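Two complexes, one shared chain (chain A), two partners (chain B, chain C).
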Partner chain A sequence: MSEEKWTVKFVIFRKKGDQPARYDSYVLEVDPEEYVIDGVERIWAFHDRSLIFAHACHHSTCGACGMRVNDVEKLTCITKIRDVTTNGGTLKIEPMRNFPIIGDLVVDMTRMYAAMDRVHAKAVHPLSAAPLEGEDIRPPRDVPRNNGNEYLRLADCIECGLCISACPVAGTAENYLGPAVLAAAQLQGLKHNPDLLDVVDCADGLWRCHSAYECTAVCPSNVDPGWRIMDLRRQVVGERLKRWFVKA
Partner chain B sequence: MSKLHAIVIGAGFTGVAIAHDLALRGFAVTVVERGPIVNGTSGRTHGLLHSGARYAVNDQESAIECIQENQILRLIVPDAIEPNGGLFIGITDEDMAYREKFMEGCAACGIPITELSPKEALRLEPNLNPKLQTAFTVPDGTFDPLRLALAFAASAKANGTVFHLYTDVVDLLTDGQGNIVGVKAWDRAADKRFDIQGDIVVNATGAWVGHITSMAGISVPITPTPGVMVAYDKRLTQRAINLLNKPGDGDIVLPQRRMMVVGTTSFTIEDPDYVPVYEDHVQLMIERGSNLIPALRQTKERGAYMATRPLIGASAPGRSISRTFKAYDHKETDNVEGLVTITGGKATTLRLMAEKTVDLICKKFNLTIPCTTAETPLLSYRKFYVN
Partner chain C sequence: METSKKPNTRGILDWFDPRGRNVGGWGFIINRLSAIGLTVYLYLHLYMLGKLAQGPEAFDAFIETAKQPAIMFGEMLVIIAGLYHGFNGLRIALNSFGIAVPAQRQLLYGVVGITLIGTVVFGVRMLTTH
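What follows is the complex of A and B.
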C-alpha cells in the first residue's frame, strides 16, 4: 500500500436469475497497490449489498476469486490495481467464461471439479512429484526429506478455472476436459496411472486442444497447462505404441 | 417422527462443521450463508494447523484442544493438509529465557517436541535465521482453508444438508412471544426472498454474531479482532516456523503451495464487514518475518489480506483474551427460545466447536446421540460440487 490515491471506475457485470444482464458502474478512490478483489469487496460493503462474487483466502491458495478483468482472466486477490489500469481508468469486471453463471460475478465450476475427479487429480503431492524450483518439470535431484519420509505439499493447481475460461476450445466443446484437468493427468503420469489413458486419449480429451497456450498465459499458479498437454500427448503416443507391441 | 430441522447461519469453519455434525446425528439441516463457503474470517486464515505449542505457556486450555484436534484432522481430512510439522526457533537471549517455560508447557499439554541444535535445524531448513540458538520440532501443519471447509460441507451435503449460498439472513422469524422459529432469507443470486422455518437456529457467524443476535434484541460479548497477513512469492521452508517467545505480531511464517505466509497483527474494531489492509502492518510483517527467515526480504509480495477473529470477551484488547470458544443457549442467557450462538475458537478446533454446540442442541431436545465426527473420514472437497 502507499499514500498514492487513484480514482478508478469499476464496471461490473450484473445478472440475477432470469433477469437480463447489465453493467453497473461504481467510481472508487483506491490505492493502486490494493488488489482488485479489495475494490470489488468494497463495492459490496459500501455501495451495493446485492452484488455477489466468489472469494475466500485472499492470497492465491484457494482459487475462488477468478474473474475477467478488462477482458483477461485474473486471480483478483493477487492482481494489483496498478497492474491492470491507470489513474482515472476503468476496470471492467466480468465472470469467467465457459461456465454457467450463478449470478453477477459467480460461476458454477462443477464441470471442472467433475473432470478433476475423473482423473483423480491429487490435492496434496509428495514434494518429489511437485518440484519447487526451476523450469524443468522433472524432480530435482535432491528432494529434501523429513526424517526419511517425503514432505507433502498442496498441489500447484488451485482449480481456479481461469485456464478453462481463457481456452478458445472450452467455449465450443462443453465436454472438453480442459487444460487444468489434462495438466493434472500429465502430472501423475500415464506410466504409473494407466487407467487415465482412456480418459484423456479421446475426442474430448487432449486431442481437442489447439495449442493456443492461453491456459499457460493466464495460469496464476505455475502449472503451465499448455506445456503439460503437449507432454501428455507424447506420453499417450508412447503408451499406445507400447500396447500395440505387447498385443502383437 | 420427522427429523428436527436445524438452520445454521454461516458457512465458515464453525458453520460447516456444525452442519456436518448435525447431519450425522440425524437432523435435517439447512445452511444459510451470505457469500460463498468461507468468505469471511475462515477463508482468510493464516492456514496454520496448530500443534498447540503457541498456547502451551499462556493458554493451556487452547493448547490441549489444539493438539487433540490437530491429530484428528490429519486423519479425517488428509486432502487439505500439508502435514510437515513445524519449528519453534529461539534467536535472542530473550527468546532463550522462554525456553524452559515452553518445554514445561508443552509437556503439560501433551505436545510432543524435540530440541534440535542450531546446526541440525539449519540442515533441515537452510533458510532459517543463521543466528538461531535453539529449535524445537512440533507437530504443526498447514491447511488450505477453502478445501478444509469444503470437505466438511461435502460430507454434510451427502447426508442431506441443503446449502443456500449468496443468501442473507435479513431477519429472524418469531412466534410472537420473542422465540425464534426460523429466518427470513434473501437469495442475492436469484434476487428472491423467502422464509425458512426451523426447530432451532444456530448462529455460527463468528465475528458477525452480533448482527444476528441484534435481530432478536440480544447481544453476545465478542470483540472483532482483525489481523493482517502477507503472502510472499517463494516457498522458503517445508515446515511452519514460529518464534520461541510469547505470542506476538508476525511471529509465524508458514509455507503453503509455493508461498510463504507471515502473520499476524492484532487490533480491535466495531464492524467487521470491511477492514482495510494497513500499510504499516504489511511493513511490520516483512520485518518480523525476516527475523525468522532473512531471505523473505528478497522475495516479492504476492498478496496482503486481513481477517477478523471473533475473540470472546468484550473489553480487554486482542491477545490477552482467552482463545477458547463459547456456545450460548439464548433460552438460558436471555430467555429467548430457539436460538443458539457459537463463537470464538480457531480454525484448528472447528470440529470440537461443532461437537460442543451440537451436544448442547441435543441436550435441549432431550436427545442422547453421541458425536461421531472424530472417527468419520470426510469426503473429498470436490464432492461438494460433484455427486
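What follows is the complex of A and C.
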C-alpha cells in the first residue's frame, strides 16, 4: 500500500425488493492501490450496514464479487481503484446485468448455474484440455504425466457471471446458455461428450452468440469464452457433417 | 425479502448502449444498426419499385425526387450499411469456423477500412455522375 490518498465518490446502486432503484453517494478517502471491493466494504462497515453485496476470497478465486464498475464488468477484488478512476473522480458501482437482482449489488445467478448443470460442467480437467494460458504462461507442448496418468487442474472459469452480464445478447434472450456455459461445454469437447451436441446446437445455444466478444474482454480468468464459442461451432459443424455422412 | 425474478436488463436498449463497450461490442452495435437501416431501405426500395406499376411518369417523378441531396445522403448511408454489414458478416462467418478468432479485432478494423474506402469511391462516383 502507498501513502498516497485519493478522494473518490462512490455512487452505489441500491434496491430492496419491489422498491424503486436509487443511487446513494459516499465520498471516501482511499489509497489508490486499494481494490474496489475494499471501498464497498468500507461503505458497508462505516456508512450503511444495510448495503448488500457478495464477496468471499478477495483473490479472484471464488467469483463472488462481480459488479459493474463505471459501466464495465469487473471482478472488484482484483480491480485497483487507480485503474478505474482518478483522484476526485467517481466510481459508479452497479449489480451485474442480465440476472435478477436479489438486493443492491447481489444478483441471482441461478440462470448460469442451472445451465452449467445442463452441460455437466466440471471443476477439474485434464491438463491437455485446460492448459495453462495467460500473458506469461503458454500451454505446455508436452503434457506431463503422473505415473502414466495425466495431471488434472482446476478449470479457469470461476463462474463469476461477468461474461453473461457483458453479453449484449443475453439481455434479450433469457434462455440463452451464455458464454461461460458454452465455454464449459467446449472445454469438455463434443468428441468425448456427444450428448452435449443437442444442448449447445440449438437456437438458445451457441448460434445465439452474435460475436460481440464482450465476454472475452471482461473475463478475469483467461477463459476467452469468445474463442471457445467459435471453436465449439467448428466442433458442432464437424460433428453434424460426420453424422450426416455416417447416416447416408 | 421479496425478490424479482425479472433479469436486470433494459432489453434491446442494451444492444445499442455504447458505454463500456470494447472493439467487438462496437462492431456488434454497428452491425445491428446497419441491419435495421438495410431493412428499412428494403421497404423503401419496394415502394420505389411499386412506382413502376403506376406508369413511367410516376417513376420518372420519383427519380427526380431521388436526386435531392437528402436522398443522396440516404443512398450513401445505404452503401455504408451494405458494405459494413456484408464484410462484417464475412468476418463473423470466418470466426464461426474457428478461423482467425484471436484476430477478430484486426479483422473488424479491416472491415471498417474497406467500408470507408468503398464509401469514398461511391461518394466520388455519385457526385461526379449527378
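FYI, the second predicted complex is superposed on the first by the 236 of 248 C-alpha atoms of A that agree within 3 Å, B and C clash if a C-alpha of one lies under 4 Å from a C-alpha of the other, contacts with A are read in each partner's own complex, and residues count from 1 in each chain.
What we mean here is this: a contact is a pair of C-beta atoms (placed from the backbone, for glycine too) under 8 Å apart; a residue touches a chain by one contact, two chains touch by 3 or more.
In this text the structure is predicted, and so the values were computed from the model without any measurement.
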Q. In the superposed arrangement, does A:Ile102 touch chain B (first), chain C (second), both or neither?
A. both
- prompt: Which partner does A:Ala114 contact after superposing on A: first (chain B), second (chain C), both, neither?
  reply: first
Which partner does A:Glu4 reach: the first (chain B), the second (chain C), both, or neither?
-> neither
Chain A contact check, chain B vs chain C, more residues touched by chain B
Task: Give one of first, second, both or neither to describe whether A:Ser221 is in contact with chain B, with chain C, with both, or with none.
output: first
Q) Regarding the shared-chain residue A:Asp71, is it in contact with chain B (first), chain C (second), both, or neither? A) second
One more residue to check, A:Leu152. First (chain B), second (chain C), both or neither?
first
Determine, under the contact definition given at the top, whether A:Tyr35 touches first (chain B), second (chain C), both, or neither.
first
Per the contact definition in the header, classify A:Gly17: touching chain B only (first), chain C only (second), both, or neither. both
**Request:** Please indicate which partner A:Ala56 is in contact with in the superposed arrangement: first for chain B, second for chain C, both, or neither.
**Result:** first
Contacts of chain A common to chain B and chain C in the A-superposed view 16-17, 102-103
Listed in rising order, the residues of chain C that touch chain A in the complex are 1-12, 14-15, 19-25, 27-29, 31, 91-92, 95-98, 101-102, 104-105
As the complex stands, chain B meets chain A at residues 35-39, 42-45, 47, 78-85, 124, 142, 144-147, 166, 168, 188-192, 229, 231, 235, 238, 255-259, 261, 273-274, 276-279, 282, 302-306, 380-382, 385-386
Listed in rising order, chain A residues that touch chain C in their complex are 16-18, 68, 70-73, 95-103, 107-108, 111, 168, 170-172, 174, 210-214, 216-217, 226-227, 230-231, 233-234, 237
Interface with chain B, chain A side, in the complex: residues 1-2, 16-17, 19, 34-35, 38, 41-42, 45-46, 49-52, 54-64, 77-78, 102-104, 106, 109-110, 113-114, 116-117, 122-124, 127, 132, 144, 146, 151-156, 158, 221-222
